[in-house]
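Per-chain residue numbering starts at 1, and chain names A, B, C and D are given in the order in which the chains are listed.
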């Protein structure tokens, strides 16, 4: 579940709810060419089996805060793709 | 504490808080010439010792509901003069 | 009716009174005795009521809120001697949606302050005592 | 931090947490599990969270409310399996004046729904199960 590039960056991506159901896993380590944004992460995941059930612009988090999909990412980041929130 | 008139009407008047303090009593039976309104009751009470501390247009109730001072009254009514409310 | 009580008020029984399986939101308000009023320290206070009219007026206010919004409302106001921190008034409104619950709760507390015949005598830290007149006050909670 | 919990939520400890002698008004909100959703009977539901981010986001929301109004705010959201009538979320906001308390309470519940990463899986009376998507819903509490 990694694409080897050098120089590159390694991030952890968490999936929740219906997105984890769609892809069949709830976390993955990805190695990406640098620089990269969350859009690159999303494109990678959407190409996987079941990935067509991820929207192209899901809610995203980087290091526990909401960010847009254009957000640049750095090695060591904890990223997350968030299905529509339903708390409260 | 009654003025005898015939034909007339008899009402009970309740005073609360600072108004009871001002007049030195918290209820009184009044006999008034008919027809009469709460304004007549207020005028009567304002003429008593301490009555100058009642405003000319206090909050009033007739039979447990807010009414204006022009409200006509009937024999047997329970009337009340209400200082500024401070509940809640 | 029992809207006015001389016993301590707990919020939880009011919430239980209004909740139901089809009501997803409960908004509530507690009015507590504060330790100051217009810059003066308050030690305690006495609430007094025109009891029968206070009950009737509370009943009218609750009925109005329940008719205007799809909610169930519980209301209690305490009378007697209260200490700083005691609950003076409690409102709980439960509805299917939180907009209705908040609107009804707010309506009830505003109308209680405006219409229910209850008076407050404050005992100040400087030894004086006074009837509270909100119509003369600069601001009040 | 402890904003997210798998234990039943009681409102009274939250009120106690925020009350103080100079705070005269406490507005609170409880979100309860309803027995229906868009016309379908609901038997129970599971709330799940992105725990560390949910804690962080709740903390940011509370800090925003406390900075914008003169209030103290308590917030809890439950996760795990809940039955109809269980408290899913509770907010209490205490301030010197009721305007601030109501405004802060309302702000917090709206922002929780909008920003905190929590998901809800409903178990319906017809035997089906589904993730709730409020962005697709006609209305929600």
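Assume contacts are C-beta pairs under 8 Å (C-beta built on N, C-alpha and C of every residue); 3 or more make two chains touch, one makes a residue touch a chain.
Keep in mind it's a predicted model, so treat the numbers as computed, not measured.
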item: Chain of greatest Cα-centre distance to chain D; value: B
item: Centre-of-Cα separation between chain D and chain A, whole angstrom; value: 27
item: Distance from chain C to chain A - Cα centre to Cα centre, in angstrom; value: 50
item: Where chain D touches two or more other chains, by residue; value: 31, 109
item: Contacts with 2+ other chains: residues of chain B; value: none
item: Pairwise touch network: line, ring, star, complete, or other; value: line
item: Set of all touching chain pairs, with the criterion as stated earlier; value: A-D, B-C, C-D
item: Of chain C, residues touching chain D in the complex; value: 10-12, 15, 19, 21-36, 84-85, 96-98, 101-102, 105-106, 109, 139-141
item: Chain D to chain A touching residues, read off their complex; value: 31, 47-50, 52-54, 56-57, 77, 88-89, 109, 112-121, 131-136
item: Residues of chain B defined as touching chain C within the complex; value: 14, 16-18, 21, 61, 64-66, 80, 82-88
